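Please go over the structures that come below.
You will see subunit A twice below: alongside subunit B first, and alongside subunit C after that.
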Partner chain A sequence: MSNPEAALWWARSRAVGPLRVPSATRTPAGMLRLVGRGGEHCWLLPRPPDDVTPAMLRELRMQVLPVEFPNETSRVLAAALRCCWTDIQGSPWPGRPATMREVLDVVDQLTPGRGEEVLHRFGVGALRRLNASRWLDIDDDAQRVCLGPRVATWPDQDLPVLRELCRELPLPRPDREPDR
Partner chain B sequence: MSGLFDDLLQPLGDKQRDALVSAWAALEYGSEPASEAALPALRDAALRHLLDQMLRRTGRTLVDAGAYLWTSGYRDDIAAVLAANGWGILPPLERAALVLVLIHSVAIPRAEGHLAGDDWQSTHPTTPTHLRKLSQVRGQRRLSDALQWLRAAGLVRSVRGADSEMAGASYVPGPALRRLTPAARRRLQENLILAVGPDTALATAITVRRSLGRPEVTTSPRSSS
Partner chain C sequence: MDEQFGLDAVAAEQAVVSVFEQIVAVLARKADAAIDDATLFQLADTLFAAFARAGEDGLTVEQIKAACAAFPDDVIENRLGVLRKLGAIQPAFDRPYQREYRASFTSYVSMLFVQRMLARGGQSELHQLLTMEKTRLEGGQGTAEEALEVVVGVTTALRLLVAELVALTIGGTVEALRERAPLLWNAKSLIDQASAVHEILLKFWPELSRLCGELRSAIAAYGDASTNASARLIAAAGTSRALNLLPPEMWKRFARRATVGELAAVLADQVFDAPSPWHDVADLAEAAVGRSQPTSGRSTPPRSRVPDGDERPSQEWSDAEAERLTGIAEEVLSGGDSVAVEQLLSDTDWVTARRVLADLVAASNNDRLGYRLTWSGPVQVRPRSVPSWLTPGVFERVRRPA
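And now, the complex of A and B:
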């Protein structure tokens, strides 16, 4: 089966990450289609063979590309999941929008004692990295954080652990939400 | 189950299928080339051919990284379309920083006879002096951001302690450059020649050959495979 169009869609997605396209776009062969809020656009993501994930590399004892500031980046992603994944029995994506302040407040509770400037600098850096890799979808002007399309590719078998992790995290404190 | 690979995977038994999918993950997700010793699908010529077919359906291809190592990269025809559309190309500052690393770590050592091969790997660090003192790139913070971006993409790798004059990390080309196909490696070499020596006879020969639409270069140290 030769499908030049699908090959280009897959390569483009590899080059730039999940693709945000108008909803009228036909789903290329082997790709996952996620309809975003409002229904005007959707995300296209490749579906690997047997839905294999980079976790396979651990079994093979191979290295993945290192993430910059991995602890901070993971912490901010976990905080965003805590804020956005409100129906915790369901799928995490798309979840509900949260504010940057809410997400950073959860991070603040996880790592108490850091000054506001340090929290902001490290937190915003991690938010930028997660937005670039589409784990999060951030609107800078509105200071709004949504879960990105990559969250929808989290394997079902890993969701119970993720739910437990989320339940253990603190919620954003209501009195720290002047933006909302 | 992914529709794109069904007809290739369904005829296989569980063991072969697992071997193929593991190898696909190793090639596409791994930061370094994968070894034949660890992956049966790379050792077995028939399975390796199937693996290449899987990759080709996604715009990718198997790349021989030497010493029984394999990785994956963009098919040359697909890479040309991606570049023509501006999909996934490096921003100008990141491109400039990468070119500096390639010139100081590979092109100059290669011209001096210290490096053999054409795989764009090197143990000769590009130092903070090269990057920040001698280059024409301006804006220390922006250059740091660009190098961080290149490091995250696997295009450069940092090494420490290589510069006695200036503090800061030095860099060598990263593992992502091993994903270049033989034709892509040649294009990169030619583009560097055109950039740093546009008035040389070699640059003229490249320009003429390209204008004639001839794909091969006579100065290549390694023939296309």
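And now, the complex of A and C:
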């Protein structure tokens, strides 16, 4: 990379993941700029060439970073996608905010028969992990779940599968009490 | 005293003084005769340096005071009195009204010795002593009296070392044990050296066999004591923590006092990556609705449930894989010894190119095949061509040494 400024931005994002910066920041070369809902901040993510994702590592038979509790975490991410991705023809980012209760309700319908406490414990654990890796953006106080910047890194060719998935998933049940 | 003179510094000074006291204890007449302040030691150091600069002329009392101007007057006065009385500084010539003094060589060497003892706790002195004795006694040189002296001296030193270690291991706190851990360092080589000395003694002075027996048991006792002490330290360190013999305060102190360079050196060969796992869409779909997606990665063929003696199938499979990769590699090289990756990946679409790349990487990673991918910089960014980012690389045959 010729531009040292851009190289620094890449190094920063390599070290800390997606970067949340003021909107006035210029977009460095090769990075994806995602404007947040408020418009004051935007996210900078490295955009690898040719829509390559870390899934490529599997093809090269290299170690991928393991997901903790992969099934649970994937289910919660899918449920959050179902709740937040309203305009299913567009891209998932930024989506609309949903509540934790809604997301956990979708998870509950996916894995019926689990006790309230188990569901809550596993669900919240998965939400925390997804928040830490910036797949979701969670506001604990407001119990609000938004999609994180990394959902924008799914390449376009994956979106049909995601749309299909979202159509299959149940919607949160509106008649539930907020706190059973 | 500046602001930094905190608890740590006081503790460190206390440790220093306690070693001084242990060293001079043998020679001291009264319990309070040793210095109780590390500053006084620094003063002596400054003083000897000044004498060394002055050369054969020596120094007058006024010059001494000027050289040690950093210390209070009465302290210098007091030190001069003591050093003069004990002969560490002596009149340059033996005549009345002599104003110049010279410093004793022996005193300064003993000071260097004390400093070494401070740093290593005296164990390396024991090492050197053993080495010297070994050299001296080798080949049967030296008298029977010398040999007797050596065997008694070494036995006593080892026994005292054992007593201290055992007391710490059994009754002491782990912190105290950790502090005295330098006693354990190089235990093996200490034992080896002592055994060598023991063998020489036994070979040339058979009459010392009874004393040699005691030396043998002292060496064995030291081996046991150091093993037990290490075992206790390891147990205290626990399994999850790395085995470090340094107390946590020392780590903290290092972190506080190290320069930016020292701290950065720790990270010099580390690459950090934000630990954020990737969620593949296929995995997501499978977990959420139990639908399995065809994954792009190849998987191994299913194995028979019946155990079949040896590991033949996996061997066969990897052989087949290796054969396939060899075929591809040879086709790519087409008789040559190396080929530029850029050449292979251009003029195709990315889907084909990355399959080729995956095979080349697999061939390069396979230990049993003699191929290698070598990358060099810099990255070329080539918008609207495939691949759009390209690092120059060479796929080559590795010449095996015959």
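The rule we apply is simple: the second predicted complex is superposed on the first by the 176 of 180 C-alpha atoms of A that agree within 3 Å, B and C clash if a C-alpha of one lies under 4 Å from a C-alpha of the other, contacts with A are read in each partner's own complex, and residues count from 1 in each chain.
To be clear about the criterion, contacts are C-beta pairs under 8 Å (C-beta built on N, C-alpha and C of every residue); 3 or more make two chains touch, one makes a residue touch a chain.
Please read these numbers as outputs of a predicted model, since none were measured by experiment.
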{"item": "Joint occupancy of subunit A by subunit B and subunit C, clash or fit", "value": "clash"}
{"item": "Touched partner set for A:N71, first subunit B, second subunit C, both or neither", "value": "second"}
{"item": "Partner chain(s) touched by A:G123 [first = subunit B, second = subunit C, both, neither]", "value": "neither"}
{"item": "Which superposed partner A:D158 touches (first subunit B, second subunit C, both, neither)", "value": "second"}
{"item": "Partner chain in contact with A:A15 - subunit B first, subunit C second, else both or neither", "value": "both"}
{"item": "First, second, both or neither for A:P92, with subunit B first and subunit C second", "value": "neither"}
{"item": "First (subunit B), second (subunit C), both or neither touched by A:R47", "value": "first"}
{"item": "First (subunit B), second (subunit C), both or neither touched by A:R150", "value": "second"}
{"item": "First, second, both or neither for A:R58, with subunit B first and subunit C second", "value": "second"}
{"item": "Subunit B versus subunit C as contact partner of A:A7, first or second or both or neither", "value": "first"}
{"item": "Partner contacting more residues of subunit A (subunit B vs subunit C)", "value": "C"}
{"item": "Single subunit C stretch clashing with subunit B - from 206-214, 260-268 or 314-322", "value": "260-268"}
{"item": "Common interface residues of subunit A - those touching subunit B in one complex and subunit C in the other", "value": "1-2, 14-16, 29-30, 48-50, 52-54, 56, 59-61, 64-68"}
{"item": "Residue numbers on subunit B that touch subunit A, as the complex places them", "value": "1-5, 7, 9, 17, 20-22, 24-26, 28-32, 34, 38-39, 54, 56-60, 74-75, 78-79, 81-82, 85, 87-88, 148, 151-154"}
{"item": "Complex contact set, residues of subunit A against subunit C", "value": "1-2, 13-17, 29-30, 48-50, 52-56, 58-61, 64-68, 70-75, 77-79, 81, 110, 132-135, 150, 154, 158, 161-162, 164-165, 168-169"}
{"item": "Complex contact set, residues of subunit A against subunit B", "value": "1-3, 6-8, 10-12, 14-16, 29-30, 46-54, 56-57, 59-68, 129"}
{"item": "In the complex, subunit C residues that touch subunit A", "value": "272-289, 293, 295-297, 350, 354, 357-358, 361-362, 365, 378-379, 381, 386-389"}
